[in-house]
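Have a look at the structure below, then the notes.
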Amino acid sequence: MPDLRLSATGLEVGDDGSRLFAFADTVLRGVGQVMFQNNSYAGLLFLVGIACNSLALASAALLGTIASTLVAIALGADRQMVRNGMFGFNGGLVGIALLYFLEPAPLVWACVVIAAAGSTIVMAAMVIALDAARMPALTAPFVLTSLCVLLASTRFGHLQASEFLPTASLPEAATVGGGVTAATLGEGLLNGIGQVFLQDSMLAGALVTLGLLVASRRACLAALAGSFAGMLVAWGMGAAEPAIRAGAFGYNGALVAIALSGAVLAPGRLATACAVFAALATPFVTAATAAALEPFGMPALTLPFVFVTWTFLLASRLSIG
Amino acid sequence: MPDLRLSATGLEVGDDGSRLFAFADTVLRGVGQVMFQNNSYAGLLFLVGIACNSLALASAALLGTIASTLVAIALGADRQMVRNGMFGFNGGLVGIALLYFLEPAPLVWACVVIAAAGSTIVMAAMVIALDAARMPALTAPFVLTSLCVLLASTRFGHLQASEFLPTASLPEAATVGGGVTAATLGEGLLNGIGQVFLQDSMLAGALVTLGLLVASRRACLAALAGSFAGMLVAWGMGAAEPAIRAGAFGYNGALVAIALSGAVLAPGRLATACAVFAALATPFVTAATAAALEPFGMPALTLPFVFVTWTFLLASRLSIG
Amino acid sequence: MPDLRLSATGLEVGDDGSRLFAFADTVLRGVGQVMFQNNSYAGLLFLVGIACNSLALASAALLGTIASTLVAIALGADRQMVRNGMFGFNGGLVGIALLYFLEPAPLVWACVVIAAAGSTIVMAAMVIALDAARMPALTAPFVLTSLCVLLASTRFGHLQASEFLPTASLPEAATVGGGVTAATLGEGLLNGIGQVFLQDSMLAGALVTLGLLVASRRACLAALAGSFAGMLVAWGMGAAEPAIRAGAFGYNGALVAIALSGAVLAPGRLATACAVFAALATPFVTAATAAALEPFGMPALTLPFVFVTWTFLLASRLSIG
């Protein structure tokens, strides 16, 4: 369980009330950091300003800031940075952006939590990547995470763009597929392995899986789990059935899972946690990449795998030290 | 006034004539460096070649090279690099590109000077960023700066694409707004603060401004100045009135001004100079980012703020040492 | 077990049979590395899986893996990395992707070899670039190289998209030009120099060439050779005649050839080899960049020159260091 005793004054043995107060102060500083203010009163006024305009947006900001801060604590990020709200502001902005650009729905609120958590992974990766150059990440994690979900929404039938998203004026994407059946999932699982080699074929997928089994049981299991996870998330978000059946949402997850569960990260608890979270994030990045490459008429290939693996690899170093 | 005593041979006490000669030589080397030639005769022949085809393009090349070289001197860039024309060639190319792809007009000539100056900021940032990898910036600053202005021209009614710009065949962007009034500027100023949190609301903007005031008077002043500067530049370039009123050209400038006037750069003369120039550049980058994300149906969010702040942060190190 | 007898210098004891066996094992490991398996049995099963679905795709995978591995050996890449298949998997995937997304034709098979070779250059550049951050290149070289050729195919009349390429549904690009004549080549050669300054004028091109001659005979020769090479490749790939005549496929090659033959690489055998290969690659990157910027209505400017020069500069260090 994450340790929330974060006070700058070294409040290591506080009771529940003071710990809660410290966390609330951290969250408000997180809102303040959107405009570089490490000041909870500023954060509170920012939040009140948003609430005067829209209670839903203010709630989303608060929820996003809380989620991204908690993930940073769980990741073991630098305590002082967390306490100053440096791992809160991107999540807060993600919360606002998703509620603003998507039609409100329970699934969107779930996406706020997931995406705000994801923004902390991106923030962690950028803190590591920019460290040598002594450059701040600024709001880049917010922008990248929000654009990922908003782009993905064009492939996910259960996320509807609001009138404020410019995309709303584009031709409708192919998200309305038929019903997903057991056959979809069975074919999709193996196709999701075969598609690593651009093979939309269950036999090819089965032989590739066998090849993995020969070389490494862990890799084989990870590939199947990654393909399956990608398929399930895509199904839950309302992706088109033919795409799910063809393995389009599986192959990047299969590669991500192999990479992070042992091939490029040393096997262990951290690696497994990374692999699980990354596999769940991959269908979003896959849908976003496909949407981003659509104006060019180009396929996503394994670009989502590269993006997700690089991000989690960098972010994992924040924990390792 | 910048000190033009730049000769590699240590011409520190030259009279005005020899200083002017050294500067002319530097400018011609700058033209020569477009093709890697640190040779003023080559630069002169390149210029004559352009002039034979078009006097206007040759003048733009000359003007751009002069402007970008002068900014490099003012920035305190490495003297030998300046003397070899390394801070001239990108500005020269920017000058040609703007005159070629935009319909000639006095405002375009002003843009040549501003953009050539901007190309030196980008060059400075890239020199710093690529230093560790021992990689040359090549003509990347030219490309980035030119594409920024050309993309921005699709949002700025006073910059018209010439027949040579492929954009000319795209559907016309919304640049013809109604007249800008005092109400536009008043609403735009506060909306430009509120939009940091995606709030198109004067009350929200006012409360956010109050929050800034509570935390830091400098940050509050910078945010208002940044929002106002962005609005004025957008107005001057012929942006659509509704966008100006909604604060669309203000919020990135507000963040840039806070960041560079003290939040991420140490406060001082350099920081103030960076903040002012960056705030003026931000509406161009904002318009360009919006145009670049249009094919994807995506909003610019705070991406312009991130781009501009990173660029000026890196470039500022060229002066610091 | 690992047999490193792969290069001229390592050829101490093995006979031809064992060398061939070691190379075959390396190639199969390369296929296995697509899914992180340094295991030739896994690679063999992957290949069989593809072959069950399509013999042509399996052949392309094999051909691409062989070509990219051979180029890595020629480059003098780290032996153990080569032996483990680390320079094979990107080429193998490039082979599959080109055969899958383009209509099969002898020219496409030639492109498989060229692009797989190019993926090794990109891999070498990324290995160098990511070395300091201890990050793996993953399949990024495959993605970049494949997208380059697939984007370029929209400008090259002799490469036809298959039904699987999303591009196939976009409006047809202008690839059908008139016949290329001696006049095309003569004008194109000089325009290809003048276009560095955006001048579509033989006189301007001639004067710029004269300027180069005054400054450096090597640079002048390189520029002419680079412009000519770009024109020939574009012609061979079926680019539109007016674009070839205007020098659109020449100016980036001219700059690349100057840069790599002596301006930014020390002159010598390595520099010359880099300049030649890079000049041949440049028209592909030029066509791809133009296609990638088309949705934005923007011109390619000298972006292809920057991409190609950076890539070869980084890759050249694999041999040097």
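Note that the chains are named A, B and C in the order they appear, and that numbering of residues resets to 1 at the start of each chain.
We adopt the following convention: a residue touches a chain if its C-beta (ideal position, glycine included) is under 8 Å from a C-beta of that chain, and two chains touch if they have at least 3 such contacts.
All values derive from a computational prediction rather than experimental measurement.
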{"item": "Chains contacting each of chain A and chain C, listed by label", "value": "B"}
{"item": "Angle (degrees, nearest 5) of the CA superposition of chain A onto chain B", "value": "120"}
{"item": "Copies chain C and chain B - interface residue numbers shared by over half, same or different", "value": "different"}
{"item": "Distance from chain C to chain B - Cα centre to Cα centre, in angstrom", "value": "34"}
{"item": "Chain B, residues touching no fewer than two other chains", "value": "132, 295"}
{"item": "List of chain C residues in touch with chain A within their complex", "value": "32, 34-37, 39, 41-46, 48-50, 52-54, 57, 61, 93, 96-97, 100-101, 132-133, 135-136, 138-140, 142-143, 146-147, 150-151, 154, 164-170, 291-292, 295"}
{"item": "Residue ranges of chain A in contact with chain C within the complex", "value": "129, 132, 194, 196-199, 201, 203-208, 210-212, 214-216, 219, 223, 254-255, 258-259, 263-264, 293-299, 301-303, 305-306, 309-310, 313-314"}
